[in-house]
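To keep things clear, I will list the structure first and then write my remarks on it.
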Amino acid sequence: MSQKLEVKLTVNGRDYVLSLEPRWTLADVLREHCGLTGTHLGCEHGVCGACTVMIDGQAVRSCLMFAVQAQGKAIVTVEGLAGPGGELHPLQQAFIDHHALQCGFCTPGFLMLAHATLLESPDIDDEALIDILASNLCRCTGYKNILAAVKTAAAVMKARRRQP
Amino acid sequence: MTGASVTAFEKGKTRVFGRSVSRIEDLPLVTGRGRYVADLDFPRQIHMRVVRSEEAHGRIVAIRLDAARAVPGVVAVWTHADIAGLPPIDFRDPAAEALKPYRQPLLAKGVVRYVGEPVAVVLAESPYVAEDAAELVAVEVEALPPLLDAAAPPAAFAPGLSTEALELSQEYGDVAAAFREAHCIVEAELSIGRHSGVPMECRGAIGRYDAAYDVLELWGAAKVPHRNREALARFFGRPSSSVQLHECHVGGGFGIRGELYPEDFLVCAASMRLGCPVKWIEDRREHLIAANHSRQQHHRVRAAVDAEGRILALEDAIFLDQGAYVRTHGARVLDLTLAMLPGPYRVPAFRAVGHFRLTNKTPAATYRAPGRYEGTFVRERLLDAIAARLGLDGVAIRRRNLIASNEMPYARQLTANGHPIILDSGDYAGLLRAALEAFGWEETEARLRERRAAGEFVGAGLSFFLEKSGQGPSDSALVSVDSGGFVEVVTGGASLGQGFETAMAQICAETLGVDYRRVRVVHGQTDRIRFGIGAHASRATVMTGGAVHAAASEVRRKALAQASVLLQAPADELDIVEGRVVRRDAPMGASISLGELSRASGPGRDGAGNGMPGLYSESWFHTEGMAFPYGVHIAVVRVDRATGQVAVERYFVATDVGRAVNPMMVEGQITGGVVQGLGGALYEEFRYDAAGQPLSATFAAYLMPTMREAPKVEVLIAEDAPSPNNPLGIKGVGEGGCTGAGAAIASAIDAAIGRPGAVTALPATPERVLSLLEAARR
Amino acid sequence: MKPAPFDYHAARTVEEAVALLAEYADRDGRIIAGGQSFVPMMAFRLARPSHVIDINGIAALGRLAVEGEVLRIGAVVRHAALETLGCAGVLGRLLSQMARLIAHKPIRNRGTFCGSIVNADPAAEWCLAAVTLGAEIVAQSVREIRVLGADGFFTGAMTTTLAPDELVTECRIPLLRDGTRFGFDEVSRRAGDFAMAAALATYRVEDGRIVEPRIGVGGVEPCPKRIAAAEARLAGAAPDHRLFAAAASEAAAAVEPMDDGEASRGYRQRLVRAVVTRALERSLS
């Protein structure tokens, strides 16, 4: 019945060869076929941002893309954020330190959004940062600590770049 | 423990209690290793999809299933006829007999009563296939006129049954005399919009029946797993020991998640009948039309006051829009609205009548600060109106009416859930003073006056809230230390993201003298502990915390008694530091670890003696009285004169929490609560058209605040009035951030547009505010 | 909220895309570009194409360049590319200001200019820009290539004159002459939400007088439109606050707003006055 396509996805540096129905969203395939359930589905219509992943360096809603469209692209999910030895990324550490999460459901989306943002604009100012972070919804924290965490992580990353 | 007047942990002398330590929950959540119910799979599981009514009200003429059943991969399709033997969903607690006919069937029975009502279910091999087949279920409905206004005259719910399911009232004092003798009577007509908790994770449930051991499991439980176990056992006529509920990570609760809904029963029934695990994951559109709504109330309220603005009597008629059925809470929200309406004020005479009315909308129940968000809006609006009438300012009118600290404990002559309201402790006026000073009320008001004179529409408003928390009567916990010195705390509590594990670990660690990171906290697993209260109504930290403290105290006593033999020193000369028992007078001298003590006291070992072996205790905490947190909200808003949009420039909350277990987490609770409260005040509303079609069924239409709309909430945590009703002095903190937000925002908008009492309805949408502003300028 | 089944075709050339479209158009074969409006429609099953033709792999459609007196925006140029547009002078600055108000960054990273035009949401920033600035829309099918003026392209909310077998390959916007002043304003409930009203104003000043004024209003009626009466009020007059207020009043009087529950007719009317005033005020800064 439904068409199935052989697709190779590259997620967190690892290749997954999968047989996929075209209608399967990238979010569903990451979760159900790659076993990467850190990418969450909060609305499936592109508003909440819980499913945000990084594709070729840019933050993208993985619920608004079909997995077959992601072939040949470098996909990074929250599982790929920590270092190879499991050492936390400065964003992850800052989220813990600043109590920037409560239930944690929106957290992977915010982390990936912030990660892509700081890669693209390491010196981003507060207003521009708020504009970008306003793209994702959080229902627990009231956002204050998320902003503080991202700003702290940005400072840590900048300091690390200065003294390698 | 009841009535303890001194808290267990002396302020300033604690190691981890009262400190802002980082959370033990966080590591899996920031690395993508959390396990929410959607992340969980069982072998051979199938997926359920619910076919929902597209009509607000109508008679079901026919349901055609053939096309759906023919879809490859479909296992079964059920309507009410297939589960006709199963009863409607019962109330969690005993409720009025009159409410029984209004309970919701698992699947619509002959009539549909709201858009979103489950009519049929499709069980299939994948969620995609289940949704394909669900589309093919044809439900033919003969439309009936929908009832959409709870303040309109009631209609017939069914033959001989009114849509007014219940009238509740509470009353004390001579209300009639007070109104006769009043200096003046101040009236208001106020309404609160329909909105709800809307957690970021939608609901989900996996039913799994293990025929080998005859055990029914429900995964994806939340909030009140133990009580839901009893409800499920009653529903299916099973021994409760054969029903096990399991909580996964929960993506926010806010009162709406974790109640039993039709889908929870359906996955259980299907798993038993079909012999395989059945998984249901709600989608967002479903969530917005099927999960509990809340808050929609209309009030006609009036106060009798004397010439100085002292309240002599309060009278209110409340119309609560319950939606289409009465769910697990019965009329709880209405009861709480009545009970908490007078709040922190002296109200010599009181009468409130609540009309509990059904309409053709999604059923409603509790949402963070149920009845208090609504009642605080009403009461504080009325206070503002009294102030305006008598030419007083908002601070003065409140000072004049607040209950004084020397009147505590204060018996209110009202009941909440049948329990008498006895305000335990508090210095309301003192906190108001501290709040105004910390906020800089005088300076801010002066600056705002200048800005208004310069043409800006800016203003500040405040509200005083009274919350309730820690309702007993009892909870238990198990604390044990293993041979490695690691501690396990088993509770019947629940975690909805609020930091439950960390709070319990802190209480246990402080009591026992161990590193809180060596404490593992179990919650939400009915097979680990017999009883549990879960996490709701800001009671987890008070009640379960009390039980953890009691159990850890007992383990400590045991450890010291054993160590006293080994270290040859009286137990009261010993202390436990970092998991080792030491002599107080020689902390660097001989010591023995809790792990060694655990080993030595294991079953059959010498140290076990004749008592219960091991470093282990199951203990209970009992309390009669509730703890009543309170606080002040202050908002500064700017109104756009051309569009009516409201921007919140500043937001401040002062709250007395008795004792803060973890100030960072308390602040987190308050801040998050404020932004939810602000959502209901300015943005969020479940709207319906005239036919009862929901207009807010997407996240593009149901508007929750983003970081751009959220103010940077400032929080002042006070610990001036520890609760005498628990040994730690704690008052719950889960709700107060939300409670006062609608009232404070409304008051600030009034001030900004220079028209006291202007805001009478929430949410204060730009369109509404612009109309008020234009009326004010005329 | 899982999309209905469809067959997927990754087109590598425009010719291949229009051939596929010709083959599947009568079975609701549809083009996917950014998918940021289309995929949600599919998730709600409001759109259920049998065939989806993906044009993201067609390199030629990624072109964003000034040619002669027009800016050419290919069919897979993302909103984000316009945010940082370094060329096209005044027009480039105008478009990058507007781009920043479209939804949110992750949506802009994927959504496309041309997709927004084809989607024809009444409140879309790009539809307003296209109508106000006199853009041309290039529609290609196996039958022909048509160049359509934006004025007249939109026929109602979410509807256009595009035929089912036509692919919009690019949009062309005339450059704005040096010295053109512009201002844009929109009102939405939250940051990133669709506007309840939006206005775009451009004009030049010669000898202290306004020439070539353009006032466009979006999010108010089913299609964005220019307001001739407001433009007439501006033409030949000296730009000042009173004039702007008068033009805004003309605009408010000239619209017949939608009433969609989110905002009533009367409220939208008042918003038109607000956004036109502010768009014009911004032209001074």
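The letters A, B and C name the chains in turn, as written, and every chain counts its residues from 1.
Simple rule for what comes next: contacts are C-beta pairs under 8 Å (C-beta built on N, C-alpha and C of every residue); 3 or more make two chains touch, one makes a residue touch a chain.
These figures come from a predicted structure and were not determined experimentally.
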Most remote chain relative to chain B, going by C-alpha centroids? C
With respect to inter-chain C-beta contacts, which pair, A-B or B-C, contains the greater number? A-B
Cα centroid separation, chain A vs chain B, in Å, comes to 30
Distance between the CA centroids of chain B and chain C (whole Å) is 44
Which residues belonging to chain C are in contact with no fewer than two other chains? 1-2, 4-5, 44, 190-192
Scan chain B for residues touching two or more other chains and write them down. 128, 283-284, 698, 700, 706, 708-709
Chain A, residues touching no fewer than two other chains: 1, 21, 23, 44-45, 131, 134-135
Listed in rising order, the residues of chain C that touch chain B in the complex are 1-2, 4-5, 44-45, 187, 189-194, 261-264, 267, 270-271, 273-274, 277-278
In their shared complex, chain B is touched by residues of chain A numbered 1, 21, 23-24, 31, 36-45, 47-48, 50, 77-79, 81-82, 88, 92, 95-97, 99, 101-108, 111, 130-131, 133-147
Quick check: in the complex, which residue numbers of chain B touch chain A? 22-23, 25-27, 29-36, 38-39, 72, 128, 197-202, 249-254, 283-284, 496-499, 664-665, 667-668, 671-676, 698-700, 704, 706-710, 712-713, 737
The residues of chain B that touch chain C in their complex are 127-128, 131-132, 135, 283-285, 642-645, 683, 687, 689, 695, 698, 700-701, 703, 705-706, 708-709, 765-767, 770
Note: in the complex, chain A contacts chain C through residues 1-3, 5, 21-23, 25, 28, 44-46, 49, 52, 58-61, 63-66, 68-69, 113, 117, 131-132, 134-135
